[in-house]
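As written, the chain order gives the labels A, B and C, with residue 1 at the start of each chain.
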Amino acid sequence: MRLGPDRVRAPLTPARPAPRASALAIATVVGVAGCSAAGGTSGSEPPRHTVVMLAASSLTEPMTAIAKDFESSHPGTDIQLSFSASSTVVSQVNQGAPANLIALAGRDAAEPLNKSRIVGGTPSLARNTLEIATPPSNPGKVDAITDLSRPNLNVVLCAATVPCGKEAAKALSAAHVVAHVVSYEINVKATLTKVQLGEADASIVYHSDVVSAGDRVRGVPIPASVNQTLDYPLIRLTDDPTTVQFMAYVLSDKGRKRLRDNGFLTQ
Amino acid sequence: MRNVRWARAGLVIPAWAAIAFLVVPLAALLVKVDWARIPTHLGSPIVIPALRLSLLTTTSTLFICMLVGTPLAWMLARSTHRATPWLRALVTVPLVLPPVVGGVALLMAYGREGVVGALVFHVWGWSIPFTTVAVVFAEVFVALPFYVLAVEGSMRGLDPRFDGLAATLGASPWRTFRTVVVPMVAPGIASGAALAWARALGEFGATITFAGSFSGRTQTAPLAVYFLLESGDPQGAIALSLVMLLISVVILGALRGRWLP
Amino acid sequence: MSQTETQSLQAEIRLTRGLLDLDVELYAGPGEIVAILGPNGSGKTTLLHALAGLLRLQQGRVHIAGRLWESPAEKVWLPPEERRTGLVLADHLLFPHLSVMDNVSFGPRSRGMPKALARSRACTELEALGLGGRSDVRPRELSSGQAQRVALARALATDPDLLLLDEPLSALDAATRAQTRADLGVRLRAFPGITILVTHDPLDALSLADRLVFIERGLVVQQGTPQEVIARPRDPYVAQVVGLNFLRGQRVSDQQVDVEGTIVVAPEVPADGPVCVTIPPSAVALYLTRPEGSPRNTWPVTVRDIQLIGQTARVNLAGPFALAAEVTTTAVADLRLGVGQELWATVKATEVRTYPA
């Protein structure tokens, strides 16, 4: 089950021998919770029925639900989820973090991934578009993307190094808007939090985030002419049967329904 | 003779293990850095603003800590009121609080919708988050307990008869504080200042939560290191970390030479 | 009393501190040196702190040199920095971060004197105590005797009306103490203000003070000039300080006093009532066997302990009452004195003094 952003609940031994000690160091830096539900084994693979998945923050709600569905319909399995910015996921995997499955926001995010770790194809999990989010009371009176350039507005965006940030920059540039940004956050959920707390007047997040936040944020659509669409690749890193099974489940109708319920676009 | 040696071995071995544990990662940093391309890495546009901002905010934080922390330490050291131990415990809470939680707490208090911040925004139109002031808030929140505890310890060690003696010589309480107490606890103040400054320099969680991250305004050096790491530039992150390490060593080294007798 | 109204110091101190209830009236004339003696915990230091303003009175008043310093009833309280007191403690407590000169000029400077004037005032004080040449050193470079003299100079540099000394010599070793006591005596006699000297040491009191005040458990038990006190102690502690054997009894006749069931023969026992009896230890003679002849004060005693002080020995005896005898060390050897030994003690009647209690 998921624990929250930036925490990896890893089995006691890595999926394959870590090539460098820095792999574990990175995992530790990001915040290992220190316990393992799977229990350690002396083998170099995680126990057969555990799947470790690292996914982009925007997938938090749907993947958590999908994992729960899978665990209850497949007793004896344990899906361990960790959510962070796609760039963080990629850099962790490159450093040797033990993961079976990853999902990233946008094909661009997969570029720096060490290709030798990929097993099999990289089907598309879902698509996402951008949307402006404001606090429910809309203190900044933001109703269109062009409003974001007003000088006394607190606009918060994702950092340029994360997919959400990159795409937002593309959308703003396409709309010829220079937003009055006051902060670049480390992932899309942190961005959303600032809006929910009322500290930010507006931010650009994913449509799925606006949907899953419900009535805690108010969404302002971005015109299709400037909006960006991201394709979320689902990438498998190991060959074990449980991972294959889980991946198939995610891509099945049941999985896709969960994704749509949370604002993602699916085939 | 033999017994003494064995006894010493008992203490010396864990001590050296501790030293090794601390020193090896620092040495690893030095070993792993790409020395030849450091100037390039440091040339990233976020580096210089981050360093400048860090030095500015940590200096302000230190100044504030000394200004309000010294009287607080004096009060805790000399007060015999029953509530004083509770007050002391309260002051140390930020020490045990995870910094991110501290950041959330600061938002709840001083954010635009916060308990105090909403009033400030309503009356003066100022919003504290996302400003350099917010960075100082976050740094003071985490660094002040370090300063107060170090200085208070030093002040408690000060013989209270000195205060009375100075009074009989005609010194007002303020004059006594200024000319007798503070000079006599100067080593404690120096070490408290060093601790507080170092803590403020390394502060990350509360800063990013309360002040956000914007180059030149709120992106301090630790935040820049994290962003460099995240943008796939680990060498840049290491290079900036080394610069921070160098600055710390130089400043703490200079302080040590001057203040300790 | 009209006599006390002309006194420079008129203090009635009543306060409770912990388990101690202090209730003391203290009077002193200008330039007088008053020694306060008493066992530990009797309230001597509390008394000094109250006079300095470091403790507040519950009742009473402190009036010095024509100014009212404190009176709870009249809601007057001068904080310590506004009283003109100088304080010297057993530990010199010189400010370690300041030089000797800065220490001594601290007081004048705190009271607003310009730096140059304060330094010259400090110089005068230091020279008066023979420390003129050491004004630029730090306290840690001074010997204990020198440091204590600097502490005195520091207190005197503010020209206090009241100088308070709390066991100023007790932290010094014997040789330094003797020399410092001498220097202290010279300086105090030249000091125009009132000196209150708290001490344990009878020698301090007897050699330095004009008047002695004995305090036990927060109350004054006796006061007077050294001569008066030495002649007529009225309290066991006081007698111990002046080194006399002290007994209390009832008059039986012109020449007899009943002390705890034993008759003591003395000349001119005062008429009626309770009587104080003192016997100098040197008047107590010791014999191995009961002596023949005139002394009518002869008692069987047992040796409790023996202390050698130079050429004399002080022998504490148990008998019909406690007695101390002073004999030569030769006598100790001759008599083969040892603890538990049974002896006979005699005192000539003419050596016994009696006076009303």
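Observations on the model:
Definition applied: a contact is a pair of C-beta atoms (placed from the backbone, for glycine too) under 8 Å apart; a residue touches a chain by one contact, two chains touch by 3 or more.
All of these numbers come straight from a predicted model, not from anything done at the bench.
Nearest to the global CA centroid, when each chain is reduced to the mean of its CA atoms, is chain B.
Using mean Cα coordinates as chain centres, the one most removed from chain C is A. In whole angstrom, the spacing between the mean C-alpha positions of chain A and chain C is 86. Annotation: 34 Å between the Cα-based centres of chain A and chain B. Centroid to centroid, with C-alpha atoms defining each point, chain B and chain C lie 54 Å apart. Residues 107, 111-113, 127, 129-130, 208, 211-214, 217-219, 226-227, 229-232, 234 of chain B touch chain A in their complex. The touching residues of chain B, when paired with chain C in their complex, are 159, 161-162, 164-173, 175, 179-180, 183-184, 186. Chain C meets chain B in the complex at residues 49, 52-54, 79-83, 85-87, 89, 91, 93, 95-97, 106-107, 110-111, 154-155, 158, 164. Considering their complex, residues 85, 87-88, 90-91, 112, 154, 156, 159-162, 181-186, 190, 194, 197-199 of chain A touch chain B.
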